[in-house]
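Same chain, two partners: subunit A is paired with subunit B first, then with subunit C.
What follows is the complex of A and B.
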């Protein structure tokens, strides 16, 4: 009876993971990911994902048998793992069968990705009739998943970390390779030894894997001593240690664009812009609890203001320098926040989300329409935005001729990098001070309960308007820098998707948490920008992330303490810890 | 009392801006309408065309809006993914209809060739909606209100981009039904057959739904759950089952709407659900959310406004290519309704707490 239950639940887990892998195959993820290797010539990322699914199904189903934990029942655990992995693999095998090995599979008439190359991948290049490959591989990795669970804790954690590091290094090996090679011929040898074209080399994998395991083991034995050693340092020593850390980070941040080249600099600029927007929306959504889905409008307003004020193209109005235009753009965005905030003051909750979404879409439609084209350029947008200039600008001569800069022109992404990162830091500081202020507490009171907050003397109108305005100002700053980076601004670049991006990154990082915004922006904006393969499935992954975060960790990766308390108020432990 | 003058000024500014909005809007609509009518650019036949198109499109919005309204009535949540459920239905029907067309079935049996894909779309959309409810909504019942809304936004994007992955970013052409091509002559005015059929089909679907909700046992249970979940549970109603069947029923309507929509526009693509979804939500709010006849009326009003509006009042205002702003009319109506009468045309006043 008991045994049957184990088998049946293992089959169920296997089925779920099997369906997930088939889904991933049909969506095209397996095929696209296979263009990248984890270990060069050994295993591709796509195969790795499939293996990981079978592994996970084995792990999860064998965990079910170890209940209560700590009991040593290796046989049922291993059986469960084997069965789950086998079922997952069998489903994939069925998929292989359904695709068939013809050059134009019938299934492809419906699912674009049921292609011969997927067939090749799923049979590991063995060709016709090898339906057994996936079930076998699945069963083995399911078994491994179960066995992994039986390892002693002491070994499991280092292996865990080592696997993570290897996957991480493999994903970014192309980047590391380029950066290393840029450093001269000495580093080139190292780079080519560790990193291949599309993934780690075998040697690199072994080095990272074993290295991380050794470090982790060492930390296991000596970590506490080192930590207590640091704690025992005299006060001045601790301060200087902290100063040294900050100095190191600053040094890396300043030097990074010099070594990394324009691509990485541009990615970091994008991340910084989203941090700006995220910090802005974090005020409206995270602090004050007002979900604004039309947030991109403020970004656009900042961008258009800078565009209109500085452009040397046909729509340029004032031809003033960047440094004057940015504060104006921030003020204009703030005014827009006031104007849009006023009417929606009385609207609450999900109605507010939809109303602001409507506002955002109206603004986008208007900006891109022929109706306002004489002012905003319609679908063609505004081009020829003047780059920032350290020094004096020559006067404006005629349309389509940029003003000449006597001094240093900050035109390249590496130059904008400094502006963007500095503004992000500044705004993070402002947001942090705001949160600790009287106003910040009023916002959080509104978030918790509007009526109670009002009864306690919080002026709802004023507080809410300030939330909209300050949030808008930050987004406007982001938009202004964005317009300068790209050199042009179009109505199509202010899609609802941008607002959704910002909402997602706040949710992932943790609502109301400032470090959370930064973490969220790096994870949701930076990673997909760096990994072309991932960026193809960006919004699919966003959708999944939003759902999974809401189900598993609604407080985010780096929660603010207030949110933690709010979401786990039954959990006394969290409260006392916070 | 420190800032009482400032506060009063702020209050004044708020109501001033709100009234300004109203007056501006009414004035723009009136002026534009008068100007257009005096210019006399369109014949009465063209106006009838606009209205008929508006009705057929509005009936589609109404059909989608039913799902929003029913779910909101029961769970007080906006099912943000509803527009994408509509899209999944259209895709399902597209593949079936293409196959049927390939074997010549649609040409031989035009009525069945229309009905079978609709039925399939309803089943498919209902099934997907049940999955979405099970995975993304049910575990979050009782969480703070923002939580299921965000999960719904996630589900919406997940569905859109999963279908993009399955079927590619391109647009598919829904197979033509020959029997629906051409016009019918009604009182000397030519009316496109497709539009009539779409409107009639939508009305039949709505009638069926209304019957189910008002006169069957399951419908009675749905109404009971929407009044009070706890009391309904005490009366022996399986609340979870009723919620799932509400989702499925609303989604089935959306799936059917997806087929009708692709009959008119002949295009099926992964992003087709977004705009109709928002518009149907507008229709639901317009009619008073939670109110089933309201959703039907709201859909029709919105459809007609949107179809007549660009030529009627935008063109009169001298706006070039007013059709570009067709969606802006719908969004403006959405915002205005949410701001000024969130209870809708037919809705009872919902307290702010509820809304």
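What follows is the complex of A and C.
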């Protein structure tokens, strides 16, 4: 009876993963991914996705048999893994059968992506009638998934790390290759040894895999010793160690744009801008609990202010330097935060979300409207925004002839990088100080219970308005830098999606947590930007990530101290009760 | 010390308080008993400024309280322990207490008050880094009470401190209320648990559908047949 249950649940898991992979095949993701390799000439990214699905179904279904843990149950676990993997593979085999071997498959009339090349892929190039390939491969992967779970923790963790590193390196191998090659002929040899055109080379894969395992094993045996050694250091030693770490990070951060080229620098700038917006929304939403779905409005206001104040285009009002325009943009955004805050002061929860959503849309529509086109350029936007200049721009105010910057012009993304990263760090520091301040406490009290906070002496009007204003100021700073980075602004880039992205990155990072904002921005903004090749499926993957995150780790990637404490203490409580 | 004179409070069109008149002298424990919907919580919210009366006056030692906003009333020495405790669930015990002292200016006073609260509730000291939402009901009530005391109140408004607590804990809380009262804090105690409330109170008011129907010393109220029948369960 028990055994049947195991088999049945393994079949169910296998079916779920099989259906997912078929779906991914039909939307064309597997095929597109197959243009990239994980290991060059050995396994493509598309094949890797299929294998990973079978592997995961094996792992998950065998985990079900190990509950409760303790006794040796390797046989049922392996069986479950094998069955689940086999079912997943069989579904893919059926897909192969359904597509058929003709040049113009019947199924293709409905599913455009059920193409001969998908057929090739699913039979690993063996061609006609090889329906057995996928079930076999699936069964083996499922079995491996189960076996992986049975490995002792000591081995499993290094393998886990190594796999993650290899996949990461493979995904970004093109970037690494270019960056390395740019460093000169010496590095070029290394780059070509490790990274192929489309993925890692075999040698590179082995080096990364074995290297990470060795490091992880070493850390397993010696990690505690090293940590306690560090803890035993005299105070001055610890301080200098910390200074050295910070110096190293600073050195990497400062040197990065010099070696990375404009693309990576621009991605990092984008991440930094979203960090700025995230930190801002983290104040209104994370600290004060006021959900704002129109946050992009402040970004737009910051960007347009800088645009109008510095542009040489037809809509530029003044030509003042970037450095003066930015503080003005921040102040204007702050004022906009005040203007938004006033009418919605008494609005709570869901209603607030809808009201702010409206605000965001109004700002976007106004900026792009024909009605205000004489001021904001309407659909044409504002172009010719001045680059920041380290030096003097003479004369100070509006002139008709373009002026030359008699100093260093910060025009390239690599230059804006420094401005963006420095701003993000500065604002992260400000947010952290705010959080620890009396005002921060008051925000969190409001988030927990408005009435009680008010009864304790918190001035709701003042405190909420400050949350809106400071949040808006940070987003405005982000917008201001964005305007100079791109050199032009269009109302169409101020979509609702930007606001949604900011809310998502806060939730994924961990509500109310400052490092969470940074991690969330890197994960949700940075990674998809770097993986531009798969951009067709960007929002599919994005949505999947959000759902999986909310199911598996609802507290976020880097939760705030309070959330951690909460979890920690509930454990303690459970123990004392038992 | 605290006087309410002919107070009428409305929730929209609902006439919740229909002319409440009551007074509390310095150093007293006064209880306000009554059933669900009698207007007990509304009375407390009116005193603390969260609701504004349409008519009547609320004065603290002769000073009009109505003209102050809710967040200013605490500066006048009125602290509230809200119904259902209202601790800040995701903040730690320490942070909750610090929020209680939001109206204080000096750090020294804050530290002194925290010490005082910890002597009163040693349990809170043990759990000071814990998040308030994970405390037990009794501990949350202690925290809500301690938080209200952080503001150095002259008068403490307590809204159903016994709600949802085990009898042992109710006794503990009521003992603490007496202790707090002994060091000079006047207490206005709103309760459904009339038996316990009358046991520690000096005087009591009985509230029914927004009106005060009876007032006397606690001793006499306990003997009053109407009170016995309606609130003490004596047939």
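Keep in mind that, in the parts below, the second predicted complex is superposed on the first by the 538 of 578 C-alpha atoms of A that agree within 3 Å, B and C clash if a C-alpha of one lies under 4 Å from a C-alpha of the other, contacts with A are read in each partner's own complex, and residues count from 1 in each chain.
As a working rule, a residue touches a chain if its C-beta (ideal position, glycine included) is under 8 Å from a C-beta of that chain, and two chains touch if they have at least 3 such contacts.
It should be emphasised that the depicted structure is a prediction, and the values quoted were computed from it without experimental measurement.
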Next on the checklist: Between subunit B and subunit C, whom does A:547 touch in the aligned arrangement: first, second, both, or neither?
Outcome noted: first
Next on the checklist: Which partner chains sit in contact with A:361 here, subunit B, subunit C, both or neither? Use first/second/both/neither.
Outcome noted: first
Item to check | Partner chain(s) touched by A:459 [first = subunit B, second = subunit C, both, neither] | outcome: both
Checklist entry - Just subunit B (first), just subunit C (second), both, or neither: which does A:448 touch? => result second
Next on the checklist: Just to be sure I read the superposition right, which of the two partners does A:438 touch: subunit B = first, subunit C = second, or both, or neither?
Outcome noted: second
Next on the checklist: Which partner chains sit in contact with A:224 here, subunit B, subunit C, both or neither? Use first/second/both/neither.
Outcome noted: neither
Checklist entry - Is it subunit B or subunit C that touches the larger share of residues in subunit A? => result B
Item to check | Contact residues of subunit A, present in both the subunit B and the subunit C interface | outcome: 459, 566
Item to check | Residues of subunit B defined as touching subunit A within the complex | outcome: 3, 7, 10-11, 13-14, 17-18, 21, 77-78, 95, 135-136, 139-140, 143-151, 153-162, 164-168, 274, 278, 281, 285, 319-322, 324-325, 327-328, 331-332, 334-335, 338-339, 342, 352, 355
Checklist entry - Can you list the subunit A residues touching subunit B in their complex? => result 23, 26-29, 110-113, 289, 291, 339, 342-351, 353-355, 357-359, 361-362, 365-366, 368-371, 459, 461-462, 465, 496, 500, 503-504, 507, 537, 539-540, 542-547, 550-551, 554, 566-567
Next on the checklist: Show me the residue ranges of subunit C that touch subunit A in the complex, using the header's touch definition.
Outcome noted: 48, 50, 69-75, 79-80, 82, 86, 88-92, 95, 98-100, 102-103, 129-131, 133-134, 147, 151
Checklist entry - Which residues of subunit A touch subunit C in their complex? => result 438, 441-442, 444-445, 447-449, 451-460, 562-563, 565-566, 569-570, 573
